[in-house]
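Below, subunit A partners subunit B and then partners subunit C, in two separate complexes.
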Partner chain A sequence: MTGLLAHDALMVSVVVVLVGAVLGSLGIRGGRADWVQIAFGTVYANFVLVSLATGAMIYALVTHDFSISYVAQVGSRETPLFYTVISLWGALEGSILFWAWVLGAYSTAVVWLNRKRAGNLVPWASVTLLVVALFFAILLVGPANPFKPVFPVPADGPGPNPLLQNHILMAVHPPLLYLGYVGMTVPFAFAVGAMFSGEVASDDWIRITRPYLMVAWGFLSAAIIAGMWWSYEVLGWGGYWAWDPVENASFMPWLVATAFLHSAMVQERRGMLKLWNLNLMVGTFVLTILGTFLTRSGILSSVHAFTEGPIGYYFLVFIAIVLVAALVMVAGVSDKLHTTGHFDSPTSRETAFLLNNLFLTAFMFTVLVGTLYPLLAEALRGVKVSVGEPFFNKMTLPLIVSLLFLMGVGPALPWGSATKAEMKAKLLPPFSAAAVMAAIALAVGARNPYAVLAYAFVGYAAFANLREYWIGMKARHAAHGESWPVALARLVGGNRRRYGGYVAHLGVLLVALGIAASESFRAEREATLAPGQTITVAGHTARLKEVWGREEPQRAVIGATMEVVQNGKVVATADPRMNFYPTQSAPVPTPQVISSIGGDLYFNLMAFDQNGSHATVKLIVQPLVPWIWFGGGVVVLGAIIGIFPKRRRRTAPAAVRHPVPAVAVPLPSEGEA
Partner chain B sequence: MRRFRGTLAGALLAAAAAAAPAALGAQQARVDTALPTPQLTPADSALDAQTAAVASQLRCPVCQGESIQDSPSELAMQMRDVVKEQLRAGKTPAEVKAYFVSKYGEWILLEPTTHGFNKVLYAAPYVLLLGGLGLIFVAVKRWSANGTGQERSEQE
Partner chain C sequence: MSKRNWAILVAVILVATFGWLLYGGLNKNVVFFLTPKELVAKGANGYDVPVRLGGMVVPGSVQWNEKTLDLRFRVTDDSDTVAVHSTGAPPQMFQPGMGVVVEGKYERAGVFQATNLMVKHSNEYHPPRPGEKPEEMYKTLMKGGAS
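Moving on to the complex of A and B:
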């Protein structure tokens, strides 16, 4: 019953979004404002319908209604309620439903917040959002229908994939990812709207788009970090990034969106790069769909999986349509996009942003080529090849190191032009921090040249970004006599976009430092221990206390209690476990991490003896891993600060009342970043 | 440990209920009988490091793109042992990798060779990067030449 109603709701939603898209475009062309209003209405109606279907699915999951195919696929009476609810996104059909719901929510917010804006930008953006919604609605009533009736109704189901019900982060990572991924549809819709409405030459669409892009970018950043964390806490190999196609799929749109966040500023200030920015926004969206296609169709794990489900073809057709349509549109408007601006000088922040865009794009391209190459090689040469971690590490390290350096150069250089003296004063001092960092790295034993360069440039960029705060605070302190915390708050509040950006930079630097340190100083050992025996890695000693077992409703658990010993005293304990799920032939490793600000002790139970007399335990010691998670939080904080460009009324009059005396630098709180 | 099947897991469920380690109904893969607390000699750790370096470049055949260094699967464990034995016997890392390629094909290498068509894979990113650098150089020169001295925009 629930299934039928939900399916009907989705069928109706197909019709509603189709009507909305058609009526909307005809209404805009024919100047019928009432039709456009109806199109806006269909956006809300679609959201209501998809919410009904999503609610029905959650209800069906919770009530174990196994007459519904998706529940029969991922549900189980033994699974705890929490994991039952989040299994909504545990498999393909449910995640497409969730995708459609998130898209509906974003579209509703966009249309509602911008419904009164004059011009055709918002109507065309709404039509674009409706067309994308139509694609997902068609998937949901066709190849990815989660509400197929099952007969005879099974008494119980297999439960969600054990890997997905083994850790709390599974409740966090997928929603964040969808919020980020799907959120990229909004800037794309505005880009298309700008092209259709003829507003493409003005920069208005970029300004309207920016908050939405920041929201999506913030969610995507958080999702990538949460995904790394999940992989670290669950998969048992002590790593957080393996250049797996799934990871690459989430990372590529992030790179392009990050490029756009920078190049959009050049367009706003200089009226340049308009065509380029359109392409970046289209590219970001296409990469989200391509990433979903690559990871959901199974094409990369096996070429033959592609032919098993029809959903891959739907995605392929949709990608083709989007690409062709976007290329035609961009080509159509390109003559309107003559560059009006110019550069004052090659030595400027503008140039740094161009390089930033080049390196970010090249980064994305490297990841894309590496991800797709196995397909290409098999198609052209008939040979199966693998492109894995060593390739990506080798190829991307020079790009990463360059980008770290540019993160210091960009904020240091002024817009417009820098004189030789300015360049010296701005670019040279951060090298002192770089030298200190490199010296520390060498002293503690880093030898890989890229690793040393990475530490050095992290220092360089941290110096350059922190100095921007310092200069701004000092200027406010001197000019207004503000106390330092007030100066900081007003500085950031007066130009959130700029200082939010620097916060995001500092977050990225923390992530980079955590990755560099944990990669270059990782030490690990595996040993088979009897209770009372110890394992020592990089000066950390742990003792096996006991091997134990216990039964839980949905699984059996075997664990090894490890005591971390310092100077003969037990300072911490860890219980790495293996979880046995009835439906899974292999146990699910459940490592345990003891974290401190300096780094992690990572315990994983590899094997155990049947009578509990021995356990094989792997101990991995990695410095600074928690800095990655913390840095991710700082990136998100930067995004939150930067969502709203500026707080206009509070700071501007203050600046007028207290004109700045001759300070060496212009007060960096007024105006754009 | 990856040999657990339904029956073993079932036995384990029963055993775990007893909550006595002695009753754990599982088989054990790799425990020798008498075990001193393991000690490492410098030569051992050098071999271990070399093994890890080679193992992290070989793909685990039964996993999702993991290396045999990272994979906890039994096959990966055995392959690591093979790597270690061959290195101990004096083979170079390249020879060890060649051995695995002869057994499993090129697919086993996580980092593709730089021969033949694979050159495209390695060259493409650099072509883009260098082309882009050239383009930026030309563009910045032209854009800056246009506007020298005119309407210098206000900073901040």
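Moving on to the complex of A and C:
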């Protein structure tokens, strides 16, 4: 019953968004404001309908309504309630439903808040959002219908994928990722709207959607870090990044969106790169759809799922339509885009941003080629290949160290042109921090040139970014006699976008430092131990206390208790385990990590003897891993600070625009030089 | 040349260089997925290059020394058989007769030195099905696991 109603709601939503998209476009062309209003209305109506369906799905999951195909697929009476609810996004159909719901929420927010804005930008953007919604609505009533009736109704289901119910992070990572992915649709829709409405020469599409882009970017950043963390905590190989297609899929849109965040500033400040920015936004959106396709069509896990399940073709067709339509439109408006500014000098912030964009897009293309090559090789030449980590590392490390360096150069240089004296005063001092970091790295034994460069440039960029804070705070302290904390708060409040950006930079630097340290100083050993025996890795000793087993409602658990010993005393214990789920033939490894600010001891149970007489345990010692997670948090903090920029006085009159209300700030910022 | 043409020339050179680097990087770092038959058929060309070898574990061939952590077994595709050596505990699932993929290099001594041993580890959940071919299975064996 629930299933039928929910399915009906989705069917209605297909009609609603179709009607909205058609009426909207006809209304804009024919100057019928009432039709445009109806199109806006369909955006909200679609959100209500998809919310109904999503609510029905959650209800069905919680009540174990196995007459619904998705519940029969992922539900089980033994699964704890929490994991039952989050299995909404645990498999294909549910995650597409969740995608559609998030899209509905974003669309409703942006259309509602901008509904009174004059001009055709918002109407065309709404039509674009409706077309994207239509695609997902069609998936939901067609190949990804989660509400198919099941008969006879099974008494119980297999439960969600054990990997997904093994760790709390699985509750966090997918929604973060979807909020990030789907949020990119809003700036894309406004980019398309700008092209259709002829408002492409103005920066309004960027300004209106900036908060959404920041929200989406923040969520995507958090999702990537959470995914790394999950992989680290759950999969048992002690790493967090393997250039796996699934990881790459989340990373590629982030790279392009990050490039856009920088180049959009060049457009707003200097009137350049307008065409480029449209392309970046189209690219970001296509990459989010490509990412959903790669991870959700089954093409990665089996070539045959691709031909068996038609959903892959839907995605391919949609990607092709979006790419062709958007590129034709970009080409069509390219002659309308007059660059109003020009590069005054190579020694300027816009040059740093230009290089940043070149490196980030090169980075994205490298990852894209490495990700798609195996698929293309198999499809075209029939050979099965994989592109290994060496390819990605070799190609991206030069880009990564260059980007780290640029993160220090960009904030230090002024817009326009820097004099020789400015250059000297701004760019030279950070090299002291670079030298210190490189010296430390060499002293503790780093020998890989890229690693040493990475440490050095992390130091360089951290110095440069922190100095911007210091300069601003010092000026306020001197000029207004503000106390240091007040000076800091007002400095950031006065130009949230700029100082939020620097916070995000510092977060990325922390992540980079954590990655560089854990990659270059990783040590691991595996040993078979009887109780009482010890294993020593990089000066850390652990002793096997016992091997134990326990039955839990939904699984059986085998564990090995390891005691970390220092100077003969037990300072910590860890319980690496294996979880055996009745429906899964392989056990799920459950490593345990003992974290401290200096690094991690990573324990994984590799094998055990049935009678408990011995166990094979792997111990991995990696410095600074927690800094990656902490740095991810700092990146998100930077995004939060930057979401609502200070209203700029020198831009177009407020009557034309309805920006998201910014916090009023009493003092102008010194940073706005 | 005008400024615009210079810009286009620079862009073309940049893109071409980048493409050439990518192409070279790919050619050197592509790892082929081979069955024992295909590996043996490569002859001398099959030695000392990174390969993913997929096949069935020959029943009775598994020797696991838990003290030295040496694991030896043979992998077959019914037409050829390759001896494999790896270090470290086999996955709990590992058992004779099952499909595996080993990553490593075939050494001239005729032993495949594995750096990574993978058994079926599916992204999309389904109960194990018997008789899944290694060729089909290799796609599902991903280090990163589920998303």
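Observations on the structure shown:
Methods note: the second predicted complex is superposed on the first by the 639 of 673 C-alpha atoms of A that agree within 3 Å, B and C clash if a C-alpha of one lies under 4 Å from a C-alpha of the other, contacts with A are read in each partner's own complex, and residues count from 1 in each chain.
Criterion: contacts are C-beta pairs under 8 Å (C-beta built on N, C-alpha and C of every residue); 3 or more make two chains touch, one makes a residue touch a chain.
These numbers were taken from a predicted model, which means no experiment stands behind them.
In the superposed model, A:A91 makes contact with subunit C only, not with subunit B. Legend: residue contacts after superposition of the two complexes on their common chain; A:W415 is shown touching subunit B, with no touch to subunit C. Of the two partner chains, subunit C is the only one touched by A:L164; subunit B is not. When both complexes are overlaid on chain A, the residue A:G388 reaches subunit B and subunit C alike. In the superposition on chain A, A:S231 makes contact with subunit C only, while subunit B stays out of contact range. Within the superposed three-chain model, A:N611 lies in touch with subunit B and out of touch with subunit C [touch as defined at top].
In the superposed pair of complexes, A:L380 makes contact with subunit B only, with no contact to subunit C.
When the two complexes are overlaid on their common chain A, residue A:S345 makes contact with subunit B while staying clear of subunit C.
Touch criterion met: A:G370 reaches subunit B and subunit C at once. Looking at the superposition, the partner that touches the larger set of subunit A residues, subunit B or subunit C, turns out to be B.
Residues common to the contacts of subunit A with subunit B and with subunit C across the two structures: 237, 242, 244-245, 301, 358, 362, 365-366, 369-370, 373, 377, 383-388, 390-391, 394-395, 527-528, 578, 584-587, 606-607, 614, 616. Those residues of subunit A lying in contact with subunit C across their complex are 74, 91-92, 158, 160-164, 174, 227, 231, 234-235, 237, 242, 244-247, 249, 295, 298, 300-305, 358, 362, 365-366, 369-370, 373, 377, 383-388, 390-391, 394-395, 526-528, 578, 583-587, 606-607, 614, 616, 618.
By the touch rule above, subunit C contacts subunit A in their complex via residues 14, 18, 21-22, 25-26, 28-33, 50, 52, 66-67, 69, 87-93, 119-125, 127-128, 135-136, 138-140, 142-147.
Taken together, the subunit A residues at the contact with subunit B in this complex read 236-239, 242, 244-245, 269-270, 272, 301, 339, 341-346, 351, 354-355, 358-359, 361-362, 365-366, 369-370, 373, 377, 380-381, 383-391, 394-395, 399, 414-417, 525, 527-530, 533-535, 546-551, 556-558, 578, 580-582, 584-587, 589, 604, 606-614, 616, 666-668, 670-672.
The touching residues of subunit B, when paired with subunit A in their complex, are 1-2, 4-6, 9-10, 12-13, 15-32, 35, 37-38, 40, 48, 56-57, 59, 64-67, 70-72, 105-112, 116-118, 121-122, 124-125, 128-129, 132-133, 136, 139-141, 143-144, 146-148, 150, 152-153, 155-156.
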